[in-house]
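These are the structures in question, set out in turn.
In what follows, subunit A forms one complex with subunit B and a second complex with subunit C.
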Partner chain A sequence: MIPAPFEYAAAESAGHALELLAEYGDDAKLLAGGHSLLPMMKLRLAVPSVLIDIGGVNELAYIRTDGDDLVIGATTRHADVAGSERVRSGAPLLAYSAAQVGDPQIRHRGTIGGSLAHADPAADLPMALTALGGSVELMSPSGTRTVPAGDFFTGYFETSLEPGELLSAVRVPRQPGADWGYQKFVRRANDWAIVGAAAVAGRVALANMGPTPIRARAVEQALADGAGPAEAAELAADGTEPGEDIHADRAFRQHLSRVLTRRALEHQRG
Partner chain B sequence: MKVRLTVNGQDRSDDVEPRLLLVHYLRQHLGLRAANVGCDTTSCGACTVLLNGKSVKSCTVLTVQASGQEVTTAEGLAPEGDLHPVQRAFRAEHGLQCGFCTPGMVMAATGLLAENPHPTEEEVRAGLEGNFCRCTGYHNIVRAVLTAAGTMSTGATTSTESAQ
Partner chain C sequence: MSILGTRVLRTEDPGFLTRGGVYTDDVEDERLAGACHVFFVRSPVAHAVIRSVDVSAAREAPGVIAVFTGADLTGLPALPPPVPGMINDLMNQPLLARDVVRFVGEPVAMVVTQDPYQGEDAAELVDADYDLLPPVVDMSAATAADPIFPDAHTNVAASFGDADQFDPALFDGCETIVTRTIENQRVAPAPMETRAAAAAWGEDKDAGGRLTAWIPNQGAQGTRAVVASMLGIDPASVRIITPDVGGAFGAKFGADPEHGLVCWVARQLGRPARWAETRAENMVAMTHGRAQRQTITIGGRRDGTVLAYRLEILQDSGAYPKFGAILPSLTILMTPGPYSFPRAEAAAVSVLTNTTPVGAYRGAGRPEATAAVERAIDLFAAEIGMDPADVRRKNLLPAFTEPHTTAFGAVYDSGDYTTALDKALAAAGYQDLRDEQAKRRANGDVVQLGIGLASYVEITGSGSEAGRPQENATVEVHPDGSATILTGTSPHGQGHSTVWAMLASEELGIPVDKITVKWGDTDLIPQGGGTGGSRSLQQGGAAVQQASQELLEEARQRAAGELEANPADLVFDIGSSAFTVAGDPDASVPLARLAETERLVVRSVFSAPGATFPFGAHVAVVEVDTETGKAVLRRMVTVDDAGTLVNPLLAEGQRHGGIAQGAAQAFLEEVVYDADGNPLTTTFADYPFLSATEVPSFELADMATPTTYNPLGAKGIGEAGTIGATPAVQNAVVDAVSHLGVRHIDMPTSPQRVWRALREAAAPPAAGTAAPAAGTSESRDAQ
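Moving on to the complex of A and B:
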């Protein structure tokens, strides 16, 4: 399968990428790791006429500590997030989540910014960011704004990224030693979650239980009120309307969300 | 569009269409046919090559994305006429049947051993999660990678005989 023809421009810096975005407008798409975009282009589900490659922009690939936060540059590859001592100690759930994406080859190419911007509700990192209460930094020629995960994911594969903006960094609070648990139900190797559950420090997020990653707020409230994991997890599917596909119907997804939430809460590591 | 890259230690420069996939560049432009196209959907790993030493699926990398970088294919693992320890171990342990998945397996294994020279069996299985084999059932492949890890760390050269 061969993508439709397009023009290609390699950005040399974040600023250069913004200039190229302004120049080419709506016809252009950013290319980071290419592991969501290229498969879609091969199937001609996406037919951008210009690709602006930010995969080689070194200033966007970093992992830093900034006060109480961990800040990760958008083009940092999944393998680098998963393997980083800084991430493993400050936000172990994030490192673990990055290690669940696809397979080693995919993790060598895919980037944290690309995964979040793609906003697949079945993906690992959007759920992790939601559970961690993290945020993204969105850069445009007029400056940078910080958007919390809950406001960033707006719909099925949709985000609050504006035309001409790029996701420059990901910010998560450092919580060394906090209890966390992560569960992903799949039927095939290197696949997306049929349902996922991530718990950290009393917050719980679910993957593939709606058009965006969602917080299981009833579970969080029950935990705050002193309920045990099994009792709280019973509320995981409350208010959810998950989609149906060949893998699972709605009732099965709701069942999975309860089981996986219980396991995530029971098998917490600190 | 102009690209310059190093493939198996040789500098290449070419004019390619931006949409040319790396696997097609290797196979059709350079005649390096070890990397196979199996699924074409980033799943099977038959097209695995090393990009700057890290395993990637070349059906999902554009040639232009590899410009300025180093690509290694199974053809480039060992000097001509010789075999790399990973290739030797696949032969010794019967890690292949039809051979279609083998170049990808060998490259994924080589990448894995560069990152983790002493993997456990479980780590080998996880490390090859992105490579499918429709023939061998994986046991011999995993054994081959563990054998290769052993010979590479002791510096010994395994021959077909001594590994039996």
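Moving on to the complex of A and C:
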């Protein structure tokens, strides 16, 4: 539980972070809020030899409106996303999701970019981004590309971030007034979801039902075809192969996904 | 007005809340200057022959001073048997594994470095080569498995009674008999402060010098004995100092191999040594608790009268038998709990498995007895369709004031169990709760209400093997009007500084804030029983009171000389802490002045006639979401009668912590191993506690029946919460879904378990299959 030795470099800007990434290459890791990376280092599951700290890069901490989208800078803290009037009115599901992360201490350190880049399938924000049909902006010395959530999460803790790239911003379509529901099934307030379900405007995403956050497409299709929440939710587990752990085996996770999807479609929050 | 019985705020807290505690790892002392740091290399496998341990690369790592393996441990005595006479002595734990490792986390080598953070880096370079042996993971497999200690020819570490000798006629005449095997799962004590040690040897090299060791513990004198025996030295050459201790829960009694080894390293290298384990190590290498599989059988009449009860225990001792192996003796002692069963019997076998050794954990053996009998009562009540409160009332022992001896040899000092239950039910509004439950059941609500009861009696402050329970205290009044108390107890959160000062203040008239309480330094306090088994107030506190009274007598004699008066004519004025001559208020001498010419100090040993038996009743109210299986604690109403309360505020604190800890066992906590013996719950992400968010405000009802076993009238309160709350909560979760056919859910009552029980109750296996439906009771109706 003591990390291996590492070097530390504080980035002054996004550009500086990219320079440092180029300089140190594969041995380096970006450090944002540190609330996923540092535990991994303490358990020696991650052994970076250089940490490039972007936690203090202010130009990456913002919440803006850009046409029909909300754009949130990568190092914006969960607490700021949760508390932002702009987010609460434009994408209330996202604000709610950020408020479900861990506890206040964690929400004041952890960042939206860090959470998405970490790509834990049990996490809140990746599920929210998937449900909202959002995307991420990935910056490299050669420019910035925009990747939709569905293409960004590629596997268990894996994303389409290329070496030398930095997640600079998150983009979600503004849907003020859209009905939404959010279900995070936990045993304790500050735990990760055993299973999660988020529904907004006919889209449904599930957490911890596979190696990445997934869309419950059969449910979405049924809804599009006119099925009610209860009927559609019965399809939530179709085609899923959730993992098993001490909290839940596959059958229980699949059961939960159906119950939670129905509740989310009924616009329940919990 | 007496200070006793008042809610004096903890005098410990301002320090803890401002400067913080000084725990072993924080100790700054010149004797520890230049200390090296020990890091333990631990077995990553549950059971294996050690082929080789290559430390050459680790020796070259930055900061490494030395690396030691079992082969380097020379000059140490043969290990003492774990618990002489009770446990098979061939099952000793070597300080470092020699030929075989027997659990994940067992120390295999030590890396000693300059800097504390270098140890874990160097440890990664220790190359141990293991030949895997088949592990014994589940305790039920232990007796048939190959012996973990081949020389012992058995995996049975200890046994208590003999199930083969059970009375075949025990249940004769019963109209209903219910039997079931239930789990009292393995839990981790997980104190906030992990284990640690700091050791320095004196310059005086005669007889190897003298050892000073700072170790978080629950009784420095016991720790000194174990450390001395591990090192093969006279206990007189060991001084244990106890810094602040951040929780213990039974797991910091005595000393572990790591503590002895840190002292050994300091001696070997001629330089002070320190160690503080990480949380991940603590989760695998500090002893665990509970770990019993119990088969309970209860029988009686359909009118609710229980006629017979049987308890058969399988105790998982882990890889090396320690206190855990003898826990069942305490469970058996408390088999019938507060009930007047006409017939009861119990037996236990403690077995070895390739898992972390099991030790004492808050309640140590007694919560297991209560959990068993309280589940049995509920199973019986459900089977005959009677309200569990009525079944309890029908079978509780009637109130008694003269000691009552049970069939298991326990001598209950006093008790009124029915009143405790009635008070708890009244405080909970039991009938209203049942009405609300009936409404939800009738509506078929998704969220159902569960009401769980537990009546308990437990044993606190039992004697040592040497005889009657006793404890010593020294009280000294100083010329400046302050006082010092030396106690043989060892607080680690309980608040002895506050309460011992209250007890002395009451006698001596010295304000609480002028009284300093000291403990845990064996040079200052060579004798003492420490703090465990809820013994401290009733023995250590009683000793403080007794010593204060004796000091006052001594002072009276001196004052008589000073005032040239007859001692009998002196009155002690509490307000001014002075003796005055009756009828002559001007002739007076304060205690402080009497200490000027000669020290005013008394050491006294209080001895009790026996253990005391606090009792109570808990009512838990839970809501269970029948779709997801999630259970949430809504209310917790408890009566915990621990006799007279010296400081109700602190007693409530003990109850609060105990209730939360007990409820957490029922809901969440469980140490889990995979089939290969790998622990799966080594971080607080995987090993959950209840946090403040998950508990309601507890409703504590008052009841105080004084004991006559000490002048304070006090019984123990430290473990009551874990004893009553665990079965109350478990019973509540089962109760919430009992109308759906569920009879039992093992702890922790996780959503998955609740969901499975509901599913199985809804679709019992087809008739003709042999296996009973899990989640319903195996039962048979006798003719």
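Assume the second predicted complex is superposed on the first by the 266 of 270 C-alpha atoms of A that agree within 3 Å, B and C clash if a C-alpha of one lies under 4 Å from a C-alpha of the other, contacts with A are read in each partner's own complex, and residues count from 1 in each chain.
Just so it is clear, contacts are C-beta pairs under 8 Å (C-beta built on N, C-alpha and C of every residue); 3 or more make two chains touch, one makes a residue touch a chain.
The structure displayed is predicted, hence computed values, not measured ones.
When both complexes are overlaid on chain A, the residue A:259 reaches subunit C alone and has no touch with subunit B. Look at A:147: by the touch rule set out above, it reaches neither subunit B nor subunit C. By the touch criterion stated above, A:227 is placed in contact with neither subunit B nor subunit C. Once chain A of one complex is fitted onto chain A of the other, the partner contacts of A:247 are limited to subunit C, with no touch recorded for subunit B. Using the contact criterion defined above for the overlaid structures, shared-chain residue A:105 touches subunit B, although it does not reach subunit C. Touch criterion met: A:185 reaches subunit C, while subunit B stays clear of it.
Using the contact criterion defined above for the overlaid structures, shared-chain residue A:46 touches neither subunit B nor subunit C, since it reaches no partner. Once chain A of one complex is fitted onto chain A of the other, the partner contacts of A:201 are absent, as it touches neither subunit B nor subunit C. When the two complexes are superposed on chain A, the residues of subunit A that touch both subunit B and subunit C are 1-2, 4-5, 189-190. Remark: subunit A residues 1-2, 4-5, 43-44, 185, 187-192, 194, 246-249, 252, 255-256, 259-260 touch subunit C in the complex. For subunit C in complex with subunit A, the touching residues are 116-117, 119-121, 124, 278-281, 627-628, 630, 667-668, 670, 672, 680-681, 683, 685-686, 688, 690-691, 693-694, 750-752, 755-756.
By the touch criterion given at the top, residues 1, 17-19, 21, 24, 40-43, 45, 48, 51, 54-57, 60-62, 64-65, 67-68, 108, 111-112, 127, 129-132 of subunit B touch subunit A in their complex. Subunit A contributes residues 1-8, 10, 31, 34-35, 38-39, 42, 51, 53, 55-56, 79, 102-106, 108-109, 189-190 to its touches with subunit B in the complex.
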